[in-house]
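Same chain, two partners: subunit A is paired with subunit B first, then with subunit C.
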Partner chain A sequence: MSVSPAFADTLTRRRLVQGIGAGAALLGLAGCRSAVDQDKAAPAGAQAGPRRGGTLKVATLADLTPALLFTQGPIFSIHRLVFNTLTRYAPGGLDPQPELATAWQIAPDGKAITLTLREDVTFHNGRPFTAEDVVFAVRNLQNPQRSAQLRATALAVTGFDIDSPHRITLRLAHPVTNIFDLFEFMVISAKESVEDAVLGRNVVGTGPFVWKTWTPGTSLVLERNPRYWVPERPYLDAVEIRVVPQPDALIASLRSGQSHLAAGLGGRDIAPLREDKAFNLREYDQGSGNIYLGVNTSVAPLDDKRVRQALSFAVNRDRIVKQALGGYGLASAAPWPKTSPVYTDADANRYPYDPTRAKALLAEAGHGGGLDLPLAFLSTAPAVAQMVQFDLAQVGVKTTLEPLDPAKFQAQLIAQTMPALWTGTHGFASNQPATLAVSAYPFNEAKNTSKFTDPQYTEIVQRAWNQTDARSAAAKAAYAELSQALLDRQFIIDLAVLTNVQPATANLRDVRQNRYNATVLDDAYLAG
Partner chain B sequence: MTAAVVTKAPVVAAPAKRARNPYVQGLLTPRGITGLIVVGLVVLLGLAAPLLTSYAPTFQTSNALLQPSGEHPLGTDEIGRDLWSRVLFGIRTDLIVVVSAVPLGALAGCLLALVSVASRWADVLVQRLFDVVLAFPGLILGLTVTAVLGAGTSTVIVVIAVVEAPAFGRMLRGAILSHREREYALAARVGGAGPARLLVRHILPNAADPLVVQIAVSLSIAVIVEGAMSFIGIGVRPPEPSLGSIVSGSVMHLQDHPIYAIGPLVAISAFVLGLNLLAEALNKGVRR
Partner chain C sequence: MTGYLLRRLPSALLVLVLASFAIFAILRLIPGDPATTLAGSDPSPDTIAAIRADLGLDRPFLAQYFSWIGDLLSGDPGRSYLIGGQITDLIGDRFGNTLALAIGALVLMLVLGPILGVLCATARGRVPRALLGAVNSVSLTVPVFVTGVLLVLLFAVTWRLLPPGGHQSIVADPVIGLQYLVLPALCLALPGSAVIARYIKDGVLQALGEDYVRTARSLGVSRRRILWRHALPNALPPVLTVLGMQVGALLGGAVVVEALFAWPGLGQLAEQGVARRDYPVVQALLLLLVGVYVLVQLLTDIAYALLDPRVRLG
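And now, the complex of A and B:
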């Protein structure tokens, strides 16, 4: 099998990485190991040889929101189409691989990381990429106006030492276990056009595709970057992303040949395509978030841990996965997908469906006579809330459903004004565990929707975040401690990890995603 | 004089007898009877819901999207609820909504019409208010009211009442203005009837016919508005069933489980068709 230029590039970098410090060598080797795995996993179609040309037509449920370009990933993210990142995680885990940074070295005390940058990279406007662009990218995420979800990690960077145009050291306030989560999240954009970019006018990066035209609410057209730094990539001439706001219309656009790839559909939505051989249902192992039952711990009697644990035992997670997610999910009391370093089967099954035990815990807490609580939910996703309501009713907890439209739901989530209970989704569990606790709003130890405060939880989160080596035994112990803290306190009752599944036509090959579910089309092509 | 009254009496009595039952006459046409049967059947299904199914509409099982069987005549929905039960109780919900909302809208519209005919300034204000309400499509109005009141059955009732009020108001105002100028009204005025007595005893009884027809039309519109609001998720609050919310849930299963949509759609179609037939029949009756 011929090695694709992208992989050849990785192998070359391995030799570079091996030449630098021991910590970086460890990370670099791990990256190459993953690259080999990735190569073995290439589909049979890839062996026939990729085909150059063609326009990939994507149908997506939601339009791009340029104002949120640096905040979070939309449903079909352009983060890895128009932009690049400093490093990227290899599929199936958290081994960083080189992208715009070819090598890195972490200081022994964990308070600095030195990056060697690629020298052959230019932005779409022709300007060369240098260390100054890394400084801008970090400061951009530190800017509160960007509302970046990894802002806490970006703020841990306290200074920059530029040794040469392509070598930079980031000084850190403390060791940070999720620095590579930040690098995977942080897109390198041209600083001279960033204010235009957040208005959707002139989005300039170094990525495989160049931003051409955006018609709000309708479509976005990206064209091949002829000067892309990966030789002979991308294969596609263009990507056309059309907004199709209804799931059934999205399926219809795939079936009628109007699109090759559908983004944003849930497991239950894609049921009509399951038996159709004309389509591939691509599953990505990082998951696409979690379904949870949120608990406002300032509302009595939910301030009692036993009551929260009783609710956790009362919900039938397997039924939610089967019925609400069409089987595309993992019933789990812990937030972590199976590829997380902290995932264990025992944690996933910590709260099996056990109404008897739930009733016993409620009785022990003095609420054997039942409870009556409000339960808010996103009006566009009523199924899970109704299932939770039914399950809780079986153990004597009566709930009144309160539908909230998406804008109101988000506002109440941020303003900490949710009622006693709510169902929702969260992300960030697929990366380093500390990222969940410092960046995902429901879990944030400093301020969260549950109004949950506990000095011990704060201490555990800081311990998991401030490790010198993210892969050390001490870090793993801290992650496990964090997982146990979440499972014990249950201010967020995780119900299921969502399987990340994307339907596409059978001739579309080698589409990938990063750990934030941003679509990667560097190697993608349309077979004949 | 006395003789003249005696000789006139049968002449007056005959039309008066016909006028007492114009609705009955309209309903006893083939169209009216068909409407009565269809609406009666739908209403009966809704009222007798608890007797026609052994499942509560919110009871969930682990058997999702089952095909129709003896146990589940319309199968089950995506979270294992019996669809036959949900359709029956959905009809009941719709009945509660439309039977509450339409009289409320009619009352509001009629009161505003009475205010409107009382003074010119009030007339200008009320008519512009009706213009504003009529300028918005029902669903946009529904979204606006929901943003203020929150989703739920009471919001649907308020929206339908607001949507329907201008129709009743405009109709009654027009009828009053028209009847006010007729000879019988002039005669009553000459006979000493004050404005209130003239309105209540003479004009309103004669202006009521189109309102009765409008009630039947408004009931059918109300069924559609409820369905549309529940379809887009701002109607009856889950888990309570309504015909619109069941249709909404069925959309993603039209290909693999079409029976899911058929039950509520048949119920909505029959209800609306029956009410429209009744409206037409009543209209014909009062025009005779």
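And now, the complex of A and C:
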């Protein structure tokens, strides 16, 4: 249809430009009081020494789940913001340092540990911290409804002797090498508020920040604890944690100056920030979990160790780290990060990419003609499964991909109904090696998804767990044996240790993480 | 009229009862349950069993169903397993946010659509016409998750005029709240605006070719007056029909836009509820949706009955 000549001059180029100008002016109206300025993270800059004040703005992919307050989750954790722990590991290793406990004494038989507690600590509600709060913290983790992954270690605590309000002895059923893992994991919360806390209403701890407001799906605001037991800390006035449930939007939030720190992004997501000098990509040395290829050992021929080892040789771990993890990972056949006491280069490289050797092992096991197996994976993370599928096809193992949504994946994992193969992630390899075997279900010696049972493996796990001194030669030998057992049996084929990396603006300084990836902001500040 | 209403009510209630049962059953047919989510990562079977018992998920199916219905009838739809808050509060807050987003998008649609349509119909010259045509086509064809990212890139990252995402209450702080609303509402409004623009463009062009326009022009009526007073009103009726469909599309598109702009609305709540098997939340949301449809249907029937006596008498 053509325009009537009478109206043909209604819109000219000049009027179009005028219209665009008017639109821009309308947008300018928004500038009367700007949400951008209100949101803006303090500008990057250099200033010697810490600066007091400011609100740290954190953007995270997922909201807090109050019911999971006492578990380790994959997303930004408030464990060391609102709470404290009894001890904390020194950076780069597993050397326990005082926090709410100032000293400790392990009994010669390893069946008790006496703790001396700080006397100058109060909860956010003003109540003093005492030994009774340690009793409650342990019993809280023993409660299965708290979903605490270190429950097995908490259950090893069988009794309490309170000598004074600030001195307590924990009696143990047997020596445990990972008692300090428990102390770093176990947050000290006010017992009178816990039932409210798991509903997201009244979360009370002794930590550097006080729970202020939580708007589900939107944000959590924490304010500086003016009575914090560490003098002059924290430097920050407040922490605002915003939920941005989409990786691109999370990056935009950082680039637009709306946030200082982004949590929950994968290595590939942060690629756009790698060359940008306005941001620091903070890498933490404890890793943030592992990706693995799970094997159902009840499915023939995966009951044959040689077939499992063949699969391990067939996967190109370096390619997975480079392409699926954006380079942020350590290709390793062993689960341990480099800061683990049991890590060795030899173990990490125990199964180098070697299709020829994989084919030879398959042939030796009587499967030179190839195999056809199902491979389940999390529908939200298909990249690793696709790469594994390609690699296995090169050695004659054809796989059929079966995507599972997270809830179904988890259900099948626990119900031991996974198909022959699956790809997934696990945690708990960054602490004492025994913690992996007693706290991460895929490695549990009594019952695991792989349906793998072996009395010798059970004996090694128990020996690695039940040492009196976690740093003794006997303990170290048991850890090494545990590592060898995992590498030899290959019911879980570890592929890579995930590098824990968080993008942040250049002016954010001295952020730390504990061994469970909980962010520590005691010394953090925003440079002016 | 009362008799007619009494005849219609039982069937409406039956639909609600059947829907409640279907919703309850279908959710439980999906593999995985809230206990697996509440158990965190690397959980043990003991932990999951304890949580399942605590939530009452180990009770017989019908016992769980009647317990839920009983709570509903007493006015308590329960708590979210995962978020912890009362469902009435959660839905109330999120409903307000989604409504604000939908109204914002509708307003933008009603402003941008007619402007673009009239400009397209009256544009002169190759460049403006091509430009407007391209704007219209891009708005219509590019999915919201792409336009959303582009809008954020331009207005939040490059020019830093508006926040890239998030939410602040418009009631509490209208100036700041509106700035948070602009980008998601614009993203949601663009496809609908393009549809309206096309209808208006065709309608205006058709009207401008009519004899009465020529007559008016020959009588000296200004071009602007003819366009706004005569041509545009004649182009509007078909737009009203299409507007109804676009409002439905707004609610569907809101799910994606809410995720993209971290806008805490009902779509985001439903998406999280389904993904994490938060039964009470999803049940309440779906039943609310059915309830709204049943109510609208009932109101439509009543309107028919009021307009046509044969309906209420027959």
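The criterion applied here is as follows: the second predicted complex is superposed on the first by the 480 of 528 C-alpha atoms of A that agree within 3 Å, B and C clash if a C-alpha of one lies under 4 Å from a C-alpha of the other, contacts with A are read in each partner's own complex, and residues count from 1 in each chain.
Rule of thumb we're sticking to: a residue touches a chain if its C-beta (ideal position, glycine included) is under 8 Å from a C-beta of that chain, and two chains touch if they have at least 3 such contacts.
Computed from a predicted model, the values in this text were never measured in an experiment.
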item	value
Touching partner for A:T71 - first (subunit B), second (subunit C), both, neither	second
Which superposed partner A:R52 touches (first subunit B, second subunit C, both, neither)	neither
Touched partner set for A:R357, first subunit B, second subunit C, both or neither	neither
Partner chain(s) touched by A:A324 [first = subunit B, second = subunit C, both, neither]	first
Most subunit A residues touched (candidates subunit B, subunit C)	C
Subunit B versus subunit C as contact partner of A:V243, first or second or both or neither	second
Partner chain(s) touched by A:S379 [first = subunit B, second = subunit C, both, neither]	first
Touching partner for A:R201 - first (subunit B), second (subunit C), both, neither	second
Footprint overlap on subunit A, comparing subunit B with subunit C	248, 405
Complex interface listing, subunit C residues touching subunit A	30-33, 36-51, 54, 79, 81-85, 90, 93-94, 119, 121-125, 127-128, 131, 149, 152-153, 156-157, 160-168, 175-176, 178-180, 182, 202, 205-206, 208-209, 213-214, 217, 223-224, 226-227, 259-262, 264, 268-269, 272, 275-277
Subunit B-touching residues of subunit A, taken from the complex the two chains share	247-248, 268-269, 271-272, 319, 322-324, 379-380, 382-383, 385-387, 389-390, 401-403, 405
Touch list for subunit A against partner subunit C, complex	1-4, 6-13, 16, 19, 27, 30-36, 38-39, 63, 65-68, 71-74, 144-145, 147, 149, 151-152, 198-201, 215-219, 242-246, 248-249, 252-253, 255-258, 405-412, 414-415, 425-428, 439-442, 444, 447
Subunit A-facing residues of subunit B, complex	58-60, 62, 64, 78-80, 147, 150-151, 233-234, 237-239, 251-256
